[in-house]
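Across the two complexes that follow, chain A remains constant while its partner is chain B and subsequently chain C.
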Partner chain A sequence: MSLPLLQPSTATSFPTSIALTAQAPSFLKSQSTWFAALPYPLSLLTNTESQEKWQIYENLFLASLRTGADATAWQCLEALVARFGKTNDRVIALHGLYLEATAKDEHGLAAAMRLYEEVLIEDPTKFSIRKRRAALLRSAGKTAEAAQALVNILDASPTDAEAWAELADLYLSQGAFDQAVFSLEEVLLVMPNAWNMHAKLGEVLYLQASRTESVGEKARLLAESFRRFCRSVELCDDYLRGYYGLKLTSTRLLELRSTSQKQQQNTSDPSTGDLAPPSTETVKKLNAIATAKLGEIVRRASSGEKGWDGFSKAELSAARDLLDKSTLKIER
Partner chain B sequence: MAAQMDQQIHRDPALFYWILLPITVVMILTGILRHYMSTLLQTTPKRQIIEKLREQRYLLRSQGLRVAFPQISKSAFEKRKEWWIDNAKEGKFLADPEARGAKPNPISDPAMMENMMGAMKGNVAMMVPQSLIMGWINAFFSGYVISWYGNANVYGVVVKLPFPLTPQFKQMLQAGVGTRDLDVRWVSSLSWYFLTLFGLQPVYNFILGSNNAAAQVTQQMAQAQMGSPMGGADNPDKIFAAEVENLEVIEHWYILDGVEERLIKKLEATPI
Partner chain C sequence: MAILASALNIVGLLFLSHAVYSAYEHSLLPTTALIPPTPSRTLIPAFLNPKIDLPLDITLETLFSVVLLCIGVVISSPALMPIQWNVWAGRMERSKEARLVTEVGVGGGNPYAVLEERPGFVDIRRQRREFAEWKGGKGVGL
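Moving on, here comes the complex of A and B:
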């Protein structure tokens, strides 16, 4: 079976989830053979206990929830409850997920919320439950409450990269760029080499730059964003999002420079420790490199070359659009 | 001392079945028993209260900041640093701000007590079977005449190693045997017990899985690393003060400084 049974299902694509769900009945059947139901001392002899087994159960559970196979999900959940007990953190979180996914209306969601809150009153250190609660609040549209819940989590546990990333996303959706940047910086402090987070920070800075009116501030933000993308592709070769951002920001920077040449000089202020803006030459060079690299990635990935698969289809077509647009401009 | 040629001791072949095998089997079984006993005696680690957790995480955050500061710009770093230092000096991160400066007493702290009890239980599970078995072997298998026709009454000698050894091994291999001239290759029953005690780790790994509690050697090492349970508790206020100092002396540099030149250089070195 080449299906990624052991990978966390958030990393698998939707078609894989469907395939996993289709496999679930045969897997569950293979787990419940006659000798597994022997009474206690004998059942020790036929023990198939392993970490992988329960990982598979959990992944099957998540996959079948994703694809709407609630009965299968319930079976997996029951097995997990039977093994780890109802009070296990992870099992509670999974149970809450099940309640959330199968909720028909507000009441169903409220039941999940009640479950979380009961657990949290008893023990506020169950961070997985607190995170679920924040996620539920967010999906219910209560953004302010979700942000508050996340801030509370982070006050108790300020080194939680996952919560910081979620908070950044939440702030970004609200247009609070400064807060989003701060949160993403916190993520980077926990995981300094996360290239996707560098690129994400670059994206946020780019968005912020495109909303800013003042030219000097805009140039500063663009330069910062440009450098973040540089760092991201420095950490990860052939990172499509990184090169995309690199090309985009460098193009914008060049445009900005050609329109406002004289303002370039005074943007660097050594007292705040900001870096001097990159020289126009370097930006041009990197723009050319990014264009070439993007072209290479798009070409190789769309011809299905070996070792070049795995790029997201949407990202590839966006990169193609960007390339087409820039060539149009040159022709004009 | 001309007896170094090759000692001929007529060993009763039944010794193999009645001493060597029983000791080995008993040792394996006690190992398994010990594993299950310590599994049963293990206390599940108590959940930490959230204030204590918060204190630890804030400490971790500062340590993270000290390591990963190049990732953020100087102004962002200064902002975080000042915020952390101010709060730490006011004691806002402490689990118990009222008890600042008081040296925690390990006896009065119930969590500490529990830790010590857990360690004690583990030690008991280790020591009791060990001393019992050693007594049993001493009482049973020594004082045992194995050679009916030899000229020396050798006590408790069970097995002859198939390779020669230097006399330094005498202590290790012939514990409890009082003859000076006996060839080192003869191993006494008590020594066989010690050999199995320390050498059965792979067997336990095979039977019980690799993270078993049967081997006492690894447990003793873990205890040595943990340090004594008494010395572990330091005043958290002091730890924070030290951390403030550490944070204050950091000289900031920024990873994005010159990243574009680095990238160009790197990409030019490996042409597309």
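Moving on, here comes the complex of A and C:
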């Protein structure tokens, strides 16, 4: 089976979605041949069943919905319904997704919502449907209800890292930093090796620190964020996002320490389990390491070295800007 | 490196087959092959006691060819897969090739990226809106 069709079209890349949608008609045509419609005993001989096939159907469905090719999406959905039945969790969720995407007005959305509620009355343990319901509530702007739905999901299944991450994102979009940090910490309890979530938590803490007025609190949050970025680069070599955050937080920490001379050294309280803030030498050393690493990544990625083509262009240029800014400061 | 490895393997195989064939031919010689039972070998059980005394050059050739083959096989083996978490993760961040999906459930890059994309909670209406805007602006950004 063709490999390009198997690559999932992630939410961030529109060109991939376009490419997938463009391949859809030829793929669908290749699947509907005359011998596939033979009666039962003969159809066993011409079976094209495979995991790849249905994964491709789902990928095509999502990509064509995203690009607005609703007819193709409907074809894929019909094939999935014919294969897995109308009562399959995943198929119901995809059907709901189709209804949501093609809804013209409030009535269309209400139809999708009705589908979810009907399924959930029958069987409230279908988590894919409960997740879709929460997502629809959020998409419709009913943030409080969406948060409540997510909390209900998490009450029933507290180890669902995806739901915790969604809740964190919801809280973050509302500016509720403490709750977002709590949710992200829960994600890390379930998946302690997720290096991108460590970086994400570092980013949230950094945001929170930049919104805080009090110097002591700011230093504590920055140190915490600094630690999270350290963990993310420990888990993943050459992690551009982690090193970027490490450089940013260590620079801010050093600035903060040089302006508020010694007055706020003891911001952590060991009796509550807080760690002591990192020493200034450590921060300086790690800042130097982050600078060197960022420089190396930017140099090797932009020279097109073999095996260094995986970084996103936006991240690379942001790292270059950060490096330029810091060298400017030193020259001054 | 590949050429060196296959050369070593071929030469090693040639020497090994030559040594084995020589040993076989030598064992067929009635006069030279037979050795009288010596009392010094009584430590070895009778069924393990060799009835043939091979000349030293055949033994040396066998050992030499096996050493050559060992080196050749080790050199020609593919590069080891990373078993350290940070190395494995770093390779996926760095190179597009390491992120390719090779079959269902194999490959695909950072397995924790789903925590930020969250396919179960996808907001398809916003994605469609963003796509329409992106297309209207003819691919600004991304």
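In the analysis below, the second predicted complex is superposed on the first by the 321 of 332 C-alpha atoms of A that agree within 3 Å, B and C clash if a C-alpha of one lies under 4 Å from a C-alpha of the other, contacts with A are read in each partner's own complex, and residues count from 1 in each chain.
Heads up, the rule we're going with is that a contact is a pair of C-beta atoms (placed from the backbone, for glycine too) under 8 Å apart; a residue touches a chain by one contact, two chains touch by 3 or more.
Since we're looking at a predicted model, the values are computed, not measured.
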Overlay on chain A: chain C relative to chain B, clash or fit: fit
Partner contacting more residues of chain A (chain B vs chain C): C
Partner chain(s) touched by A:Pro278 [first = chain B, second = chain C, both, neither]: first
Touching partner for A:Glu234 - first (chain B), second (chain C), both, neither: both
First, second, both or neither for A:Pro124, with chain B first and chain C second: first
Partner chain(s) touched by A:Ile289 [first = chain B, second = chain C, both, neither]: first
Inter-chain angle, chain B to chain C through the CA centre of chain A, in degrees rounded to a multiple of 10: 50
Partner chain in contact with A:Ala111 - chain B first, chain C second, else both or neither: neither
Which superposed partner A:Ser17 touches (first chain B, second chain C, both, neither): second
Which of chain B and chain C A:Thr159 touches, first, second, both or neither: first
Partner chain(s) touched by A:Ala82 [first = chain B, second = chain C, both, neither]: neither
Shortest CA-CA distance in Å separating chain B from chain C in the superposed model: 11
On chain A, positions contacted by chain B and by chain C: 234
Residues of chain C that touch chain A when the two form their complex: 85-87, 89-105, 108, 110, 112-118, 120-128, 131-132, 134-135, 139, 141-142
Contact footprint of chain C on chain A as seen in their complex: 3, 6-8, 10-15, 17, 51-52, 55, 62, 65-68, 93, 97, 100-101, 103, 127-128, 131-132, 134-135, 138-139, 161-163, 165-166, 169, 187, 191, 193-197, 200, 234-240, 307-311, 314
Parts of chain A lying in touch with chain B, wherever the complex brings them together: 123-125, 155-159, 182, 185, 188-190, 192, 224, 226-228, 230-231, 233-234, 272-275, 278, 282-283, 285-286, 289, 292-293, 296
Touching residues on chain B, where the partner in the complex is chain A: 47-50, 53-54, 57-58, 60-61, 64-65, 67-76, 78, 252, 254-257, 259-264, 266-267, 272
